[in-house]
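Okay, so chain A shows up in both of these, paired with chain B first and chain C after.
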Partner chain A sequence: MKRLKFAAYDKQESRAAYLFIFPAFLLLALFIFYPMFRALLISFQNYNLISTRSAFAGLDNYAKLFTDRDFGASLWHSFYFTLVVLPVQTAISLGLALLVQRKFRGVGFFRTVYFIPVVVSFAIASTIFKLLYNKDYGMLNVILKGIGLQGVDFLSNPDISMWGIIILCIWRAMGFVMIIFLAGLNNIPESLYEAAHVDGANPLQRFYLITIPLLKRTMAFVVIITTMDALKIFIPIYITTSGGPAGSTSTVVHFIYETAFKQMNMGYAAAAAFLFFFLVLAISVVQLRIFRTDVEY
Partner chain B sequence: MNKNLLVIVRTVVMIAIAVVALFPIYWMVMSSFRTHEEIFKYTTLSPELFMPVRWTLQNYKDIFLDPSKPFGRYMLNTLFVAAFVTACGLVVNAMAAFAFAKLRFPFKKLLLTIFMSSLVIPYEVIMIPQYLLMRDLSWINTFTALIVPQIVWVFGIFMLVQFFSDVPRDILDAGRMDGAGWLRIFGKIVLPTAVPAMITLGIMTFLNQWDSFLWPLVVINEEKKQVIQVAISSFQSLRNISWGKIMAATSISSVPVLVLFLFLQRYYVQGITMSGVKG
Partner chain C sequence: MKKSLLLLLAILVAIGLAACSSNSNSSSGTNSASGSEAAGEPEAETVTLSFWRHDYAPEAEALKKLIASFEEKHPNIKIDFQMIPNDQYETKVRTALAGGNPPDIMALDAPTLASYANQEAIIPLDDYFAKDGNKDDLLKPVIEGLTFNGKMYAAPNNEGTIVMFYNKKMFEEKGIPLPSKNVDEAWTWDQVLDAARKLNDPSKGVYGWSPTPWGFAGHEGAPYSEMAFLWQAGAEILSPDLTTSKGYLDSAEAKKAMTFWKSLYNTEKVSPKELPQDAFWNGKVAIHVDGPFAFSYQEQNFPDFKMGTDYDVAPLWKDKNMIGTTGSWGMAITSKSEHPDEAWQFVNWVTGVEGSKVWYEETKNLPARQSTFDSFAELKEYPMNIYAEQLAKYGHPRPVTPAYPAISEAIRLLFEDVGLGNADVDESLAKAVKKIEDGIALQKQ
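Our next item is the complex of A and B:
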């Protein structure tokens, strides 16, 4: 279709379009863009809700963050969490997708079952796992002891408390990622596999030479989404450990929440949020570049 | 033969994973039917560990009858907020999506870019000023704070744009010829074709709201107005609370959603797939 000139727009149609968009635009401006702008302003202030005085602080908040041990530790915990969850969860989910990809009797049942944890809310999943992990009465430890192993104190030992949260998060998210991989796998034409089979490629070769390269776009999406979500982990932390024991599970969002709504130090928390935002953005950009795909099919 | 062995191994693995996926939920439901003493009684491997010995509904009675933590009230609050956000969200987002997908108007690209750019804004950053805005509007401790800022959902708009762009322009022009206004065309011609998409978006919105945690945690401090997820998390901080009650609360707030999902899973899964494939 040839490009329409400005004057060629139907006046009534344009007016209708603006009216259609207006409610969404107004809400977006008021509740997303304006807060974003205000967050930037607040991050340059000593904005404390208790004293209700706000003074311009320039870059003080940002400078302070760089030497704040608690913030540094929370950053490290978020990254540690992500570095574990990203490969493990991606591998498990891809494995699940491969298991239920082929059509056979009962496959629909397994797909549904693997997806069910996704429908359980994060708060509820965290609650269940908190009780499952209980040192004395929790089911998990009862089973471990029952088969002759040592009980594990999942949530109150600083060395492994993060692992308790990692397991819980993977349990809840694996079905979600599986569905995305499943969609990606189904986009790969069957003829490619048949051709490879004729050429004598074994299943492992077919996986490495066809599935993995052609799954690159899906993989990119999964990696970026998982990274973003994992870095922002908050609900399970808040519910199971509240950042403890000994601060060993305090993540960045938990730090921001505590600083803003417990210590009422809004300016400092906003600065932390902004710094974190740019970090996440930079990571996403790097990941996008790595995954920039040139495979066509 | 080798192939048979492979099928057996695969089936065993699949069943094992299914058990892992379902066990926590099964355990939650079973524990909710146990008496207080029973939960802490069995600490060795035994059949009693997996099935209540004396089934009881006491936990459910307790959570609904406790006046200091009125669970029925929390459920109604959450239902009200989630239903309201879903209904308003469908209208507002579908209208915007229709304009972007089918109408021709100046600055369309620019507006679309503005909408798009909001997707990179992280919730953590705007949470604090959003809270301050609620305070300035005196919306703290009101359902308005839970509803109004949640209505517009840019991801939802883009999902619907994909669906609406498949509607042929000719139908719209034919409607114009018959003298129908754009609102009428939208309501009578476009929306009916997008029912599956609307169901998908509706389910996703509703579930998001049902699960909503951080925002209510921040803006609602009044016990009576709390929503279900935050209420459950506050149950655990009570002293001497029985696990049975906590499990009854989590069961009653997740099992209906699970059942609903089983009936509508096609739509829900489709929504996720779209976000993955086109994203």
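Our next item is the complex of A and C:
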């Protein structure tokens, strides 16, 4: 008798739950899953962006991607970008978070200053950096030359152009990551540090033995989000370099954009997008497994 | 933020929200004729035509004037005119076409015409031209540039080509003889390079020669001026039947052009890898190249930098051949338009014999019609005569083929690789040929 009652209650509960999920799911289905499904179909076709006709292509688009040097190069650029941004940005942001976590006069000012770039629109930031970077008249190079150093031609030298983008992106994102780390740091109970202090642990030991392990969840979030964002980088490239100079900053998303909207080869672009989607998915799964944690506090 | 949102929207529409396309018509205002019908208004039906063009201030003024006079003459037709930022224009048009929701009339750059025509996104205008379009009045290269598979798909607003601009004061300071104003006596590459070497002054940040008007830009502006180098050297981009670039773009002549280009940026160092804003007008570039619209730009933005004292123009440079790239923007009617006849009335109003005169007066762009040439004496005088004569004698349109987007991209990257990247000429040419071949193969499927 009692069990039956519980069952009815459970049923009611789960019905309510489904009702709550439904609106969100509907939106997801309509605006994410359905377009994705259509894109998947398109990736198996020779599909011109503005065409009324399309022809089935089977796996041709995918097969062609594996021999496409431009796509390969764009993959490498995306991964290169990510491999640099991920550790550097995480380290800088964590450093900033540790700095502004302490209570001192004016800490609010510094927190605000570090966070401001996040508020600036990416498009505007990119435009400003484009002006700063100009080889002959940009502020960066004027200053470098003023103090007797050699200028850097981020916008026209294919060997270092990616670094220009990297600096811009780290500058823009570090404030956001800093806030996340700050929240994580504030979640670590003060008592642990006090106990360690009593046990005679020095600041470095406290950082490696308490802060880092207890930040693992936050770290997981930061690493996964940063990786995905970095791999998908597009706006600053579209605005500052258009993939140049000489194709040296053409990332995967830029390649997809160019193929779809400039070359109007939607089928091929969709195939590239799906291939990339599965790559990012695989990376995220691996990262989740690595960061699986059982530290509780 | 706005860009990313736009892109997101673009992608969403593009991947085919087919379900929404039927009722999204009204929301973006493609045509609201059906709306007024539904309202059951008793008077004559008002047709609203949407018209998209890229944003360029002097031309927008001209269009607003023409639209006002057109609406006055045709009270039953309203023009919904939208200007779209230049770098987003093509994407926006293509997304709208993909979504089945394009404007009635769209502006297009001559070489993109074939892609649209080939996909039947725009309609041929031959019947209209035969009726009241005064086609005989149009210049030959203009018709050539707007014709695909024997049919004409757009009406030209104007024609375009580029000539050499030079900083007269700098030339005089260095004692360099000024180039001739006769289009038959254009300077050779070597003459220009020789002058550029003398004019180049890295300590002052002055470059001798900028061979493209907007530097290495990510848009059509770059290939427009770069293609001329290939043709001048005697190379071709495509075979005469437009089916292949093998044996044409990788010819010895093309190699010569690219080797010369490479030297400008990497060994001679007379050309800027990064072109600052308004470099020529600020005296940072001594030899420059630009279209006729540059004069009104100078008047508006650099009124103290005067023609005759500070700068002058001369015909474009030459090598084996004297050739200047031609082609400009025109207006096309989309096949989705429910009112093609009314759309033509408007197109003809803007691009016809009278409209072209208004257009020239406002924009000072090179006319596409002989009648316009005949009615303005200044077109026969310096500096416009250089444009006009170079166009008539040495004009060369960009190839009209559905594979043009691939060609434009391949040429742009080719000149970037070699100029900025100092890449191997043979390798870069092979890469460009492959890209174009892929583009052509795609069109055949």
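Everything below uses one rule, namely that the second predicted complex is superposed on the first by the 266 of 297 C-alpha atoms of A that agree within 3 Å, B and C clash if a C-alpha of one lies under 4 Å from a C-alpha of the other, contacts with A are read in each partner's own complex, and residues count from 1 in each chain.
One rule holds for everything that comes next: a contact is a pair of C-beta atoms (placed from the backbone, for glycine too) under 8 Å apart; a residue touches a chain by one contact, two chains touch by 3 or more.
The structure displayed is predicted, hence computed values, not measured ones.
Touch criterion met: A:K232 reaches chain B, while chain C stays clear of it. Legend: residue contacts after superposition of the two complexes on their common chain; A:Y137 is shown touching both chain B and chain C.
Touched residues of chain A were counted for both chain B and chain C, and B has more of them.
Contacts of A:I42 after superposition on the shared chain: both chain B and chain C are touched.
Once the two complexes are laid over each other on the shared chain, residue contacts for A:M266 go to chain B and to chain C alike.
Look at A:F122: by the touch rule set out above, it reaches both chain B and chain C. Contacts of A:L83 after superposition on the shared chain: neither chain B nor chain C is touched. By the touch criterion defined above, A:F31 lies against chain B and chain C together after alignment on the C-alpha atoms of chain A.
In the overlay built on the shared chain, the residue A:A63 is in contact with neither chain B nor chain C. By the touch criterion stated above, A:F221 is placed in contact with chain B alone, chain C being left untouched.
31, 34-36, 38-39, 42, 121-123, 136-137, 234-235, 238-239, 257, 260-261, 266, 270 are the residues of chain A that lie in the contact sets of both chain B and chain C, per the superposition on chain A.
By the touch criterion stated above, chain A contacts chain C in their complex at residues 31, 34-36, 38-39, 42, 46, 48-52, 55, 57, 69, 121-123, 134-137, 153, 155-158, 234-235, 238-239, 241-248, 257-258, 260-266, 270.
On chain A, the positions that touch chain B within their shared complex are 4, 6, 9-10, 12-14, 16-18, 20-21, 23-25, 27-28, 30-36, 38-39, 42, 96, 99-100, 110, 112-117, 119-132, 136-137, 139, 142-143, 145-147, 171, 175-176, 179-180, 182-184, 187, 218, 221-222, 225, 232, 234-235, 238-239, 252-253, 256-257, 260-261, 266, 269-270, 273-274, 276-277, 280-281.
Interface residues of chain B, counted against chain A in their complex, comprise 10, 13-14, 17-18, 20-22, 24-25, 27-28, 31, 39-40, 42-45, 49, 92-93, 95-96, 98-100, 103-106, 108, 111, 114-115, 118, 120-133, 148-149, 151-152, 154, 157, 181-183, 186, 207, 210-211, 213-214, 217-218, 229-230, 232-233, 236, 243, 246-247, 250, 253-254, 257-258, 261-262, 265, 269, 272-273, 275-277, 279.
Only residues 1-4, 7, 10-12, 14-19, 90-91, 94-95, 97-98, 115-116, 119-121, 205, 216-218, 272-274, 276, 284, 405-406, 409, 413, 416-417, 420-421, 423, 431, 439, 442, 445 of chain C touch chain A when the two sit together in their complex.
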